[in-house]
Structure formats: structure tokens, C-alpha cells
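Chains here go by letter, A, B, C and D, matching the order in which they are written, and residues are numbered from 1 within each.
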Amino acid sequence: MDLLPSADQQELVAAAAEFFAEQVPISAVRERRADPAAIAPKVWAEGALLGLLGLAADVAVGGSGRPLDDEALLFRELGRALVPGPFLGSVIGARLAALSGAADLAGFVIEGHTLVAPALLRVDDDVATVADGVLTGRIRLLDPAGAEYALVVTDDGAGLVATAALTDLAPVESSDPGTRMGTARAEAVPVTCWVPATQDPIALRGAVLAAAQLVGIAEATRDLSTAHAKTRIQFGRPIGVNQAIKHRCADMAVSAEAALQQTLFAAVSLRSGRADAEFQVRAAKVVAGRAAITNAAETIQVHGGMGYTYEHDAHLYLKRAHVVDQLFGSRTAQLAPLLAQEAAQ
Amino acid sequence: MDLLPSADQQELVAAAAEFFAEQVPISAVRERRADPAAIAPKVWAEGALLGLLGLAADVAVGGSGRPLDDEALLFRELGRALVPGPFLGSVIGARLAALSGAADLAGFVIEGHTLVAPALLRVDDDVATVADGVLTGRIRLLDPAGAEYALVVTDDGAGLVATAALTDLAPVESSDPGTRMGTARAEAVPVTCWVPATQDPIALRGAVLAAAQLVGIAEATRDLSTAHAKTRIQFGRPIGVNQAIKHRCADMAVSAEAALQQTLFAAVSLRSGRADAEFQVRAAKVVAGRAAITNAAETIQVHGGMGYTYEHDAHLYLKRAHVVDQLFGSRTAQLAPLLAQEAAQ
Amino acid sequence: MDLDFSPEQLLFRDEVRTWLAENAPSEPRPHGAAPMREYDLAWQRTQWEGGWAGIAWPTEYGGRGLTTLQQLIWYEEYARKGMPSIDACFVGLNHAGPTLITRASEEQKAHHLPRILRGEVVWCQGFSEPEAGSDLASLATRGEIDGDDIVVTGQKVWTSFADLADHQELLVRTDRSDRKHHGITWVIADMHSPGIDVRPIETIDGGAEFCEVFYDEVRIPLANVVGEVDKGWAVAMSTLSFERGTAYTAGQVRLAALVENLIELARERTGPDGRRPAIADDEISRRLATCRAEVASLRAMTYAGICRNLASDAPGPEGSIIKLYYSDIAKQVARLAMDVLGPDGLEFVSRWVPGGWSGHYFYSYSASIGGGTSEIQRNIIGDRVLGLPR
Amino acid sequence: MDLDFSPEQLLFRDEVRTWLAENAPSEPRPHGAAPMREYDLAWQRTQWEGGWAGIAWPTEYGGRGLTTLQQLIWYEEYARKGMPSIDACFVGLNHAGPTLITRASEEQKAHHLPRILRGEVVWCQGFSEPEAGSDLASLATRGEIDGDDIVVTGQKVWTSFADLADHQELLVRTDRSDRKHHGITWVIADMHSPGIDVRPIETIDGGAEFCEVFYDEVRIPLANVVGEVDKGWAVAMSTLSFERGTAYTAGQVRLAALVENLIELARERTGPDGRRPAIADDEISRRLATCRAEVASLRAMTYAGICRNLASDAPGPEGSIIKLYYSDIAKQVARLAMDVLGPDGLEFVSRWVPGGWSGHYFYSYSASIGGGTSEIQRNIIGDRVLGLPR
């Protein structure tokens, strides 16, 4: 047993982090605010070249064939650096394509040519359904700009629908300036690359990667708060000397650590087919979602008025945390199936 | 409009507080731990002589005819001084007797000769019911020692049952050393002095007095913690300089103040027949129950190891808070009917 | 103790109701800066003409000379009727005005107070600075006395509506010896003075009411000093205590209405299980009922505070209890709204339009920051209400 | 990264399972002081004879010389099988033993360590004093050096099982100059020495494991000093870090079992509405699932901590993260149990008997106090993990 990232993994992650710092600094989120796509197509293509979209995909479809825990570490960096763009949808989309034999499509996604936007199947009180291979109802699309497919996930499995087949596409304003959003209607739109949950636990895989992204947010906001607590002077001393601040940072450290370790545990559990993998993954999504939202919210408070401004990064983390929390089952949605599991192994 | 206790009320309350300090200091709770009755019969009798049991009862049955808010202020002192004994059951019992024409019985209770023990109608999964004027099922009795009657409250009304008619009376260990407890079975035991809820909001009246007692606990524990924070020296300074302690005390002050003001507001609302009296009373029970339990729990933490000892008063407050929270509807039990009310006036 | 209004208070309430029913603005409040200023001032003018401006202000300055109890009645009826927020007029009516009443000279009062009531001017506050947030007394904006003027250079921040304002209650440092609370002067700045530069700050809820204000050798007549030069700290503190006391009444009444709206929403929307209405969910229903209970107790605290104020003079540190509790509840209500909305909460809807819950949610983060952070309120309660050692 | 045990670790686990199945005590653990001591020591002796004592201790002192990973496997299997708590042996195995291994002389190790493993002695801890709780370094119990002895006078408090103990890891002040951390000496006291008076303290959960210990000119040989005279602070800190690290593993595994028991209870009992099982209540079920998630993550943190320890030497301040999280969860689980019980929670049932939820609830208040309060843990995390200014 070894739960510490290997030297190999650390190197891989450092390379990704360097790319993000250079190509997609957080300021870019604010700068591209009015652009149709949250991430510049050029950066997307370069990220694909770097192998970010196919890290854990089979070599046969153009991936690097690395294990899920590597991919989780990558998504942690995506969360930490607040990288925008439909990474989660595309990575899972490529896997669906590969699993259902559409190797070409998988390759296109991994090469960054084809984008997959995650869909949420509830808009107001309308809940879209997948039955007999078709999707019907209203859906919410995240980062639909330039996406050829939408990723659709239900309790029974997951698949893709062509965005061109959707109607009433309407952009709506997203709270997160780094996530574009739209609604659309599906009138019996065929679902392709459908993979039943019984064949592959694709939704759990998505939940692990989402949890990892949330971990990155929880860690980044812990670090933002800690740095501010060390340097911001009030009453003649750094505010971090005050327990109201110090203990809040300590609580952030606890929740980030719990989220990190549980997410890595879950990634390894799922990869290695542990009997309690579903338990571990759902637990990870719960603690990581809470850690990200709580830490980001506390970061606003620690920064006071500054944290309440659009110019500061704190709210971007909070808003992203809310978005990722909703992907592959929110905290609330995870709890009932978690309780239905057998006790952990 | 005036929500501040009058000079008259302050005087009355001061007299009661003085009596409690002299006759039932908190140490007496520990000293009488092995006694069958939590309060000494002599003290009970003297309290009755002082008029504690008939403050708001009609003069016709031997009461003082004062308004409900006076009685709420008295119960706040009972809570604050951790006075044991079935005050709540007896005061409400006397009112039931008076309302149903049993003036003699009301008088006996007010004079301290007849005691009324509150009953809780659920023991494990058995829920006792009142139908056709009889009580059936298992019940839990609080402070049954020497009590001739048990007070039974349902959604439909309230009444008394003779304890002599109960079977399988068995003492059980109570967590609160200041509250005795037993279980019993009622096999179609007649309920006397039944007052339907449509005739008099007796359960709401009980809830106001219970809330007031909880307010007293919330205030007393706030004061205990504050006093300790001022005097306990660690790292060369009073621990109250640390925000971990100071801010906790501040939060206790907030919750105690909210509980106090809402309870007084509720008492006056109920007394004056405001249309939203039920809303106000249920809200009071919720905030007061939470304030008492939270403040008492935090008082243990503020006192550290000391607060975890039997010899300290903190746990006595916590345990009493849990007992009173269950009377006339717990926090949880109040929430659904509170939500069913019209908005506040 | 009683909750009953006296016959004249009841009469007052009836008058309020009748007047509001007849005079409520028919147009919705605009959100652009300039039109909002005009709207708010026009509505204030209407209230003044109707005799509803400065209900608890002294009659000699155009007020009604009634008590804060009548003011409370007004707020409650106003909120019940869903009347517009008075944002642009807030500082004048609730900060600057009350401070002037207590501390200003007769000339200052006679000049400014009626203009505030008549809706002729917008005021803003100039207290916080980038390096003087919670530690307000460390403010560094310089005021050099030069002849009959104070010449001000420096920067303020978090000034609501500075871009719309005519006057500012401004704190400057006139003595730079190291006694922090000494040497601060409270002065009225004309926002149209040369050398003042205002830049709006965008906030996390899409609002832009906060501004940075830059001062470059701005000349302010010494006659505009309220109280004495170097002794403005006490003047400012009286304003802050006021802010934490009854000034929250209106916000509190709005919060109660928000809770009822949320209950309505939870009745209408399907809950997290996708089958039952949200209100049928045990967790959501308990949290909704808890919000109701808390808002009720916040109101009871406010009533009690008003009764206390009627008996004494200036608002005490107890105002911090109300402020802290208000902030906690406001944040809880907003979080609950997000949980009721689920994925739909990701969509941004401004709090100025119906159903603007996500806007409200982000706005709620200001509740525990603005007007003194919750940490500062807890310090005040600990130090000044409970007497804990510093 | 992997969660797989190596073939030899799997073999080890199988051996543990087999041995526990064959050797589990058949008698329930008694609760009286003396019989409990006998029971705990006898069971420790059985473990030693089976080769299961000191799994991660050096072989030269009777240990198995394996890693903390094997120790973890033991704890998990032990808890899974519902084996008795090892309370009376806890300090010897988890505090004093590890400290002696790191800091004691060869003679001290050779004498004491095998006796701990063989279940011959009970140890207790003598750190806290009435005026030195969180501020441990301010301890005042005097140790005067007189010939070959230290003569100890003073008082300790919160000493678990002092009334059953043979030895005590005792901190005394041997130098009263004002350098608080200097001048403290870590010494092994014989609890049967003349001048020691032990008085049990009753606690809020009906327990009496804590004691006050009074010292009246108690003579302790200088040979019993561990490390150097006046330099015991560092010795004590190594014990405390250890306590906050892997020593919580066993408690954490028990907590996970407690959550599963509580889920079972919620399935069986009717919930607050008096109609459906408690687990059908949306609030209760979400809180139960949240507890499951938290306990799972606590375990993942512990695993990661063990992997980190395998790579380095001494436990670092990260142990405080586990300790703090453990305390929070333990209190939450207990509160939830009380909410599941409703009015039945008023009845006292000791945590030593099945269904003893109310006993557990009151016991849970010790979680954020004992072994360093949660406030102290937050200070340590802030100062030493995050590097915040003091």
C-alpha cells in the first residue's frame, strides 16, 4: 500500500501546473469574460498536445494509458489553477467513445478537435430522461461553445448527444465567469456511445475527477487565505495572529486534507476494483464538494472587503466550486446512494 | 408597546432568585443525587408558600392572577438557578384543573400539596395515545416522586392521569442528576381535567414557560463561560483574550439574547391573543432550545477539563437543557407546525 | 410588558398604510447609476411631501419628532408593501443625518438636514481605506490645515454610491502623532470638489455600488468639520453604533420577507429527490422553519432594542448583537435558497429581479463584511457587552 | 499509488484474523477498577504470548519490528472483530513506550519496554496540572534534586487510570528560572512511592478514569530521568505528537464502527415523525451519510499519514489535523445519535453497554478537550503546519 504520489506522478503534475500558470493564469478568466468560450481555442489545442485530455485513455485511441490516480492528480491541478474549459466533459466523453468502439471519435476528442460539454438534466422542474436510446426534455449545458457533443449521465449509464440535434439553444448567464452556460431542448435526440453503468462505472469515474478538481479548489483557497493572513496588517500585526483568522485557516487545512486523501483513496479504489469503490467515490465527492465550497466561502471572509470584489480570485473559486459540485452528482445527491452502500471494506 | 420587564416584574423576579440562591443552590442537585426526589419536599412547600406555583393562576383558585409574562420571567430564573422539581408540570397541571372546574385540585397543586409530573408519550417505539378519554401505552415520567398526577399533552389537548392508576412503574436512570425519571404503562387509564386545545392553548403556554427556562440556562451558561474567561489564566493572560474563547462567548451572548427576546415576545403574544401567537411561541421554543443546548455545550469546552468533571455545573446545565427541550415539543418537533403557520403578523 | 400599539400609534399605522397605498411608486426602480439616483431622490421627495421623511428626526430640521417606534411602524409597513430599497438615500438618512443631529453645529444642521429629508442630496461615507479596514483608526488619508481649509490627500474605499453622491462624511488624519484614535477629523466633503476621483469597484454579485475615492489636494472648508478638529473618532463611533442598531430595522424586515418568499419557492419547486415539492423534504423544511424562527427572534431583539433606546439616549454596543445575528441569518437564508435551487442555482439572476436567488446568495457574503466584519462585531460584544479582557 | 497489501501483508492479516478468532476473550470486560486492570493486563499478556504485542516496536525490546502498516492492519482487524478497548494499557503502549523507544537510555528501555508488552505493568501520564492545562509549559510541580533523587511536590490532574497504574510518565519543574520550556524534566515515577495520593475525578459521563494525583516530597531516583534534567520538554513533545498521529488509529476504527451501529439503529427505530423509520427522514439520513463520508476520509487521512511516516521518522504536526478532525466527527456522531433517540436520549445508558448512546454523547465532550483541546490543535495547525505568525 502506498498513498503518496510517486516521483513520476509529481513530475507529471508539475509539468501540467507549469503549463497552466503560463497559458491560463487566473486573470485570463476575467479577461475572456465576454468571449463565447471560457478557454482560448489555442490553449485548448496546446493542452491537448501536451496530453491533458488523454492521460488515462488507452494508447490505442491516442491516450497515454496512465492510471486513474494520475488523472485525478491532473484534475486537482485544474481545480487549483481554476482552469476553464470542458475538460471533465471531454475526458469522460473520450472514454465513452473508446469504450463503445468509436475509436476515431475518442481520438478527435483527445487531440482537442472535438469538444464535449457536460449536460445537467434538470432545468427548473423539467427533468430530461434517457429512454430507448433517446434523450427527451430540457437540459443545461456547461461550456457549450464549439462543443460537438453533450455528455449525458443518468443512474443507468452515460452517453453523448450531438449538440446540433438540440433545439431552443439559449445562452443563460452563469454565475461563474469561467463557465459558459446554456439551456436547450432535446426532442427525442439519439444518444450515441451509450455505456451502461453495469459495463463501466463511468459516473463514478467522473465523480472522482470532479472531486479532485474540488480538492484543488479547497487547497488553493486554503493557500490564498493563509498567504493573506501572513501579509495583511491590521492593528499593527498580520491578521493571522488572530484566532478568528488562524483557526479558520486551520479548519480549511483540515477540510482540504480530508478531501485530498479521500479522493486519492477513492481514485485508487475505483482503479483497482475494490469492492467498496462506490462507497469511497461517493464519500470523496461529498467531502470534496463541501471542502471546496466552505474554503472558498471562508476565503472571501478572510479577505474582508477585498474578497468581495470581482477583481479578487476568491469568488471565482467559490463559483467554480458550485459548478463542479453539481457535476456527476452534487453533495446532496451523493448522500442517499452512499447510505445505501454496504459498510466500507 | 413595551418589551422591557417593568420595575414590578424585576422586583418579583429578584425575590424568587434570592429564594433559589438560599434554598436550592446548585450544589443541592449533586447532594440530593441519591434521594428519591430531586427537590426537598420542604423547599417545595416553601416555594409554594412564596407563590411560585400559582403566580399566573386565578385568584379564585389561590393564585396571584399575574400575567403569563411574569410567569415566564419566573421560569427564566428557575432555569438560570437550575432549580429541580416538577414546576412546569405542576403549574400547567393547576391550570388544567382550574380550567376544568376542579378548583380544589388546582388549589392543592398551587399550595404545593399535590404534585404533577410531566409525562412524555414515547418510550422506544411505543407511542401512547389519548382516545375517548383514556390514555393507553407506555409513557416516561419526569420527577414522579410523590406526584399524584401525570400531565399528558397531545396535539388535541392536555389532561391529567392519576399515577396510582399506572402499572409497571419502573425507575430508569436519568442523565440529568436534577431530574428523576421512570417509565410506566397506562392500560386505558382515564384522563381527567382534559382541556381541548380548541378551548385553551395549554401546550403553547407550557412551551412558553419551557422556553423561558431554557433562556435562563442559556444566560447562566453564557455568564459562567464569561466569568471563567475573565479569570482563568493560561499563557500568562486570561483566556478571554483569545478570540477562540472571546468569540464563543460573544456567540453565546447573541443566542441568549435572541432566545430571551423571542420568548418574551411569545409570552406577550400568547397572553394578548395576537393572531400569530402560535408562530411566535413555536419560534421561541426553537431558538431557546438551541440556545440552551449550544451555550451549555460550549461552556463545557470553554472550561476544558474542568468542564468535563461531574463537580462542575456545566454538565448539569447541558443535561437540564436536554430535558426541558423535550417538554412541550422539542426543537425538531416544533419546526413542522411552525412552518405550517401563516407568516408572522 | 405589552406588544400593543397605543391608539395614536395605531392611527399612525393606518395613516402609513393609506398613504403608501396611494403613493407607492408605479415604476420599478431602475438599476443604472444616474436613473437610480433620480428615482431614489424623487421617491424621497414624495415621502417628504407626504410628511414621512425623518419620522424620528427633530421637528426643527423638518422631521416629525416622533419616536423610533413610529419609525419601526413605518419600516414594517413599508417592507410589507414591498416598497423599493432606499439605497442612494441610506447614508444620508441613517448615518450622516443621525450623526449631524447629535454632533453638528446649528448652522450645519440647518443647512444639511432638511436637504437630506427633502431628497435633494445623496450622501456617501468615507471611512475605510485599503490599509484601514477592520482597523479603522489606522486610517492615513491626510488632512493638512491650510488657512480656512483642510487639504485632503489620500484614498478611501468601499464607499457605497460615491459616484452618485453630493456629500461625503469623511474621516481624515489631521494629526500624525502616534495616538491612533486622536488626530482624526470628521468633515463634510463636497463630492464635486476638484481633486476627487471616483472609481466604481465591481463586486462578486455583479453590483458596482462600492467605489474607490481618490483625493488629490482636495480643499474642504474648516467650517465643514463636525465636532472638533482631531476629535472625529468619537463622532464616527456614534455613527457606527447607530448603524449597528436600529438602522438594521429596514434590512431585517426585508429579510423576513425574503424568508417567506423562499418558503413560497420551496412549495412551488420540486425538491432534490425530483419527485416531491422541496418543502416536503425534511431537511429543507426544517431549515426553512428554523430561518422563520430566527428571523422572528431577530425582530423581537429589534423591538426590545427600540424599547431600550426609548428609555435611554444613544445606541450602545448591543447593536453589534443585532448586526452579527442579522449577518448570520442572511447568509443562512441565501445558502438555503441555493440548496433549494440545486443545479438551477448556477445560473446568475440579479437580486434586483424576482427569483434572483443566486444574486442574493453572492450578495449575502457582504453581510458579514460590510459595516464592520462579524469578527469585529464579536470583538465588540466580547469586550464591550461582556467585559472580557482585551 | 495503491491500496493493495503485499503478499506478506496479506499473510499477516490472515494470521491476525485467525489468531483473533481463536483467542478473543470470552468474558466481557469488567468496569470496576481492579478487575479491569486485571482483565486488560491478562489480555495484553495473551497478545504478547501470541506474538501480537508491539507489532511496530523494535525486536530487541520484545517487539515484532514491523511497520505501522502492519500495526494498522492489526487495529482494523481488532476493531472489526469488536475486541475490547485497551484502556489500562493505552499509555504504556501508545505514549510512554514510544517515548522511551526514542528517548530513553538502553537500561531504561531494557527494563521497561518488555514489561509493557508482556502486560505486567500499567502506565499513566502526569502532564496536566490545575493551572497548566492548555498552557502545559507553565507546570509548577516542583522537582528538587537531592543527592541521587528528585524530590517531587505538587499536583497533577486528568491522569487517566492513575489509580490502577504502576508507573507514570511525569513532568516536573526542576529549574524555576523564567524560561518556561527550559527546566522541565521528564521522569518515570513509581506510583507506589510514599507521598503519592490518588483521587479519582468523576466525569460528566459517569466515568471515573481521570484522577488527581498529589505529590508530597515523593523521592524518585535520578536514574529515572528520561533524556536530561531540565530538558524534558522536547521529550514530552515527541509523545504528544505521537499521540496526535497514529495513536488515534484504534479510536478512529472504533468511530467508524460506531457510525455503522448508528445507521443500524436508525433503520430499526421509528423516526421523529413517529411513523417512518428514522433512516427515512431526509435530514437524519443525510447526516448519517455525511458521517460515513467523514469517517471514510478520516481513515484515508490516517492511511496517508502512515505512508508518510513510513517515509520519514517522527510524527509531525500533521497529527493535529487528524486529532482535530476526529474530535469534530466524534462529537457530530454522538449528537446525531441523540437526535435519532429523541426523548429516549434523556435516559442514561453507559457507553460500555450496547445502546449506550447517551453515555457516548456525554463522553464525546471529552474528544475536543483531552490530549490537547481543539483550540490548541488549531493553534498548532495554524502555527506549525501553515506557518502563520504567532
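Note that a contact is a pair of C-beta atoms (placed from the backbone, for glycine too) under 8 Å apart; a residue touches a chain by one contact, two chains touch by 3 or more.
On a predicted model such as this, the values are computed, not experimentally measured, just so you know.
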*Of all chains present, which has the mean Cα position farthest from that of chain A?*
B
*Identify the chain pair with more contacting C-beta pairs: A-C or A-D.*
A-D
*Inter-centroid spacing, chain D versus chain B (mean Cα positions, whole Å)*: 39
*Can you check how far apart chain C and chain D are, centre to centre, with Cα atoms defining each centre and the answer in Å?*
52
*In chain A, residues with contacts to at least two other chains*: 242-245, 247, 332
*Hunt down the residues of chain D that sit against at least two other chains at once, touch-wise.*
286, 375, 378
*Name, in rising order, each residue of chain A that touches chain B in their complex.*
242-244, 247
*So in the complex, which bits of chain B are touching chain D?*
120, 122-125, 127, 140, 172-176, 179, 181, 233-236, 239, 242, 244-245, 297, 300-301, 304-311, 314-315, 318, 322-323, 326, 330, 332-333
*Spell out the residues on chain D that touch chain C in their complex, using ranges where they run on.*
281-284, 286
*Where on chain D does chain B make contact in their complex?*
128, 131, 133-135, 138, 157-158, 201-204, 210, 269-270, 272, 274, 338-339, 342-349, 358, 362, 365-366, 368-370, 373-375, 378
*What residues on chain C touch chain B, complex-wise?*
1-6, 9, 69, 256, 260, 263, 279, 285-286, 288-290, 292-294, 296-301, 303-304, 307-308, 311, 318, 321, 324-325, 328, 375, 377-379, 381-383, 385-390
